[in-house]
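Down below are the structures I want you to see.
Both complexes shown next keep subunit A, but they swap its partner, so subunit B is in the first and subunit C is in the second.
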Partner chain A sequence: MGTLTIGCFASLVGSKSLDFSLKLAKAALDKGHKVNIWLSSNATIMAKANQKHLKDYSHSEKYVRELLERGVEICECEACALARGIQKAETVEGVEWSAMHWYLAKIYNSDRVVHIGGE
Partner chain B sequence: MKLCIFVNDFKTVTDTVERLSAEKLGLIFIQNGVFHATIKENGKSSHLLEKPASFYVLAEDLATRGLTDADVDKRVKIVNYGDVVDLIFNEYEKIIWL
Partner chain C sequence: MSVIEVGFIIQRPPYKSETSTLGVTHAISYQVVDMLLEEGQGVTPKVCFIGEGVLNCISGQKAMENYGVTSIESHIKNALLVDLDLYVCKEDLERFGISEDRLIDAEDMGADKKLQVVPFSEIQKILNNSKHLLVF
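Then we have the complex of A and B:
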């Protein structure tokens, strides 16, 4: 089995790329791989707690909690989050906060990398 | 190099894809990119399907757009998320997202 690092820069609603990254992460876990997720730019909204799950609306908090419970390391770009007014206390417990070096280190130690661009 | 490209849009990415080549090339159509696997404009299918590559389309993104297996061009293989993971790890080395 291998290690997959997913970097996601896309926003929560609209582009569906964030949904894709979560589903890909889950599928890789199901196949026995290790997964890391780096959230940057608009994707930092994904780790915000207390998301209301509206019908037909992208909703990631449930996924984030499930993935964390299954051992996925999820890290937010601190600068991107703060720039969007997201404070660490507001994020889902277990999501790390760091800078780009976290992502680079994961990339360096991964078998495969999928970098999902933003809008 | 074994290169895999995620094509997640229909219109805006084709010029980049056209320029890319590799020892082994795979195109995975997802989100609105699935229309490359199904649409026929003026009776002609997507010119991306002319590339010397293997083609895959994500079943879930077909379904959310009301498309069925019958709509998919014969050159394209229908895959699910688990298959995509296997493709990433076993068939290709580098991955691009367009």
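Then we have the complex of A and C:
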């Protein structure tokens, strides 16, 4: 089985790109692949804890927790998160914090990379 | 154990979003990626500016004065300083009427590298040789 790294840069609310990322990660896991997720730019909101699930808005916390439990490595861009006022203590437990070289290192060891850009 | 090439395609214009900045800064991070890899492993970014992305390469940007943020010009200069290969699509420069003498140069910082203006066919070859592509 292979390794898939997903780079997420889109916002959680306002587009369905992160919803797609989460579903893609789950589908890859179900097929037995290893998955890494890099959260940068507006996607850093994806791993924030205490999201309120309002039915009109996308939410990710529940899915992030499920992916972490299944062994997915998820990492926030520290600078992107801090610039948006997101502190490490506010993110879901188990989410890593690092810098951009984390993404490049995962890319190195990946069979496939899906880079989902933001606006 | 080997070094892989990763193609960075920057096609967004500057300052409309942070996308193009992130493309350059992610590429620059190759400098420390070996901290997370085994000995002999590495990543060589090949940064290609195409379409509206070539607008990022114009010198004289005033981002700090106007927005209070580091300019993409500074990031590109840093990229040249750390010996990244940065390619600019010749046809797209011509489409926008941008002459090569208006492009960023990091000679004042002591960089050996320069922005390389190449035809799109050359950029296609570069991307074909990349193991992975990241589109910004």
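As a working rule, the second predicted complex is superposed on the first by the 119 of 119 C-alpha atoms of A that agree within 3 Å, B and C clash if a C-alpha of one lies under 4 Å from a C-alpha of the other, contacts with A are read in each partner's own complex, and residues count from 1 in each chain.
The rule we apply is simple: a residue touches a chain if its C-beta (ideal position, glycine included) is under 8 Å from a C-beta of that chain, and two chains touch if they have at least 3 such contacts.
Everything numeric here is computed off the predicted structure, so don't read it as measured data.
*Asks:* Go through the superposed model and pick first if A:Leu82 touches only subunit B, second if only subunit C, both, or neither.
*Replies:* A:Leu82 contacts neither subunit B nor subunit C.
*Asks:* Applying the document's definition of touch, where does A:Leu68 land relative to subunit B and subunit C: first, second, both, or neither?
*Replies:* So A:Leu68 meets neither subunit B nor subunit C here.
*Asks:* Return first, second, both or neither, reflecting whether A:Asp30 touches subunit B, subunit C, both chains, or no partner chain.
*Replies:* Touch partner of A:Asp30: subunit B, not subunit C.
*Asks:* Where does A:His115 make contact in the superposed view: on subunit B (first), on subunit C (second), on both, or on neither?
*Replies:* Both partners, subunit B and subunit C.
*Asks:* A:Leu104 in the overlay: touching subunit B, subunit C, both, or neither? Say first, second, both or neither.
*Replies:* The answer is second: A:Leu104 touches subunit C but not subunit B.
*Asks:* Of the residues on subunit A, which ones does subunit B touch that subunit C also touches?
*Replies:* On subunit A, the overlap between the subunit B and subunit C contacts is residues 113, 115, 117.
*Asks:* Which stretch or stretches of subunit C touch subunit A in the complex?
*Replies:* 4, 6, 17-19, 22, 25-26, 28-33, 35-37, 41-43, 45, 132-136
*Asks:* Report the residues of subunit A in contact with subunit C in the complex, numbered from low to high.
*Replies:* So the residues of subunit A touching subunit C come out as 7, 9, 40-41, 99-105, 107-108, 110, 113, 115, 117-119.
*Asks:* Using the touch rule from the top, collect the residues of subunit B that touch subunit A in their complex.
*Replies:* Against subunit A, the touching part of subunit B is residues 6, 8, 30-31, 60, 80-82, 84-86, 88-89, 93, 95, 97.
*Asks:* What residues on subunit A touch subunit B, complex-wise?
*Replies:* 2, 4, 16-17, 20, 23-24, 26-28, 30-31, 33, 111-117
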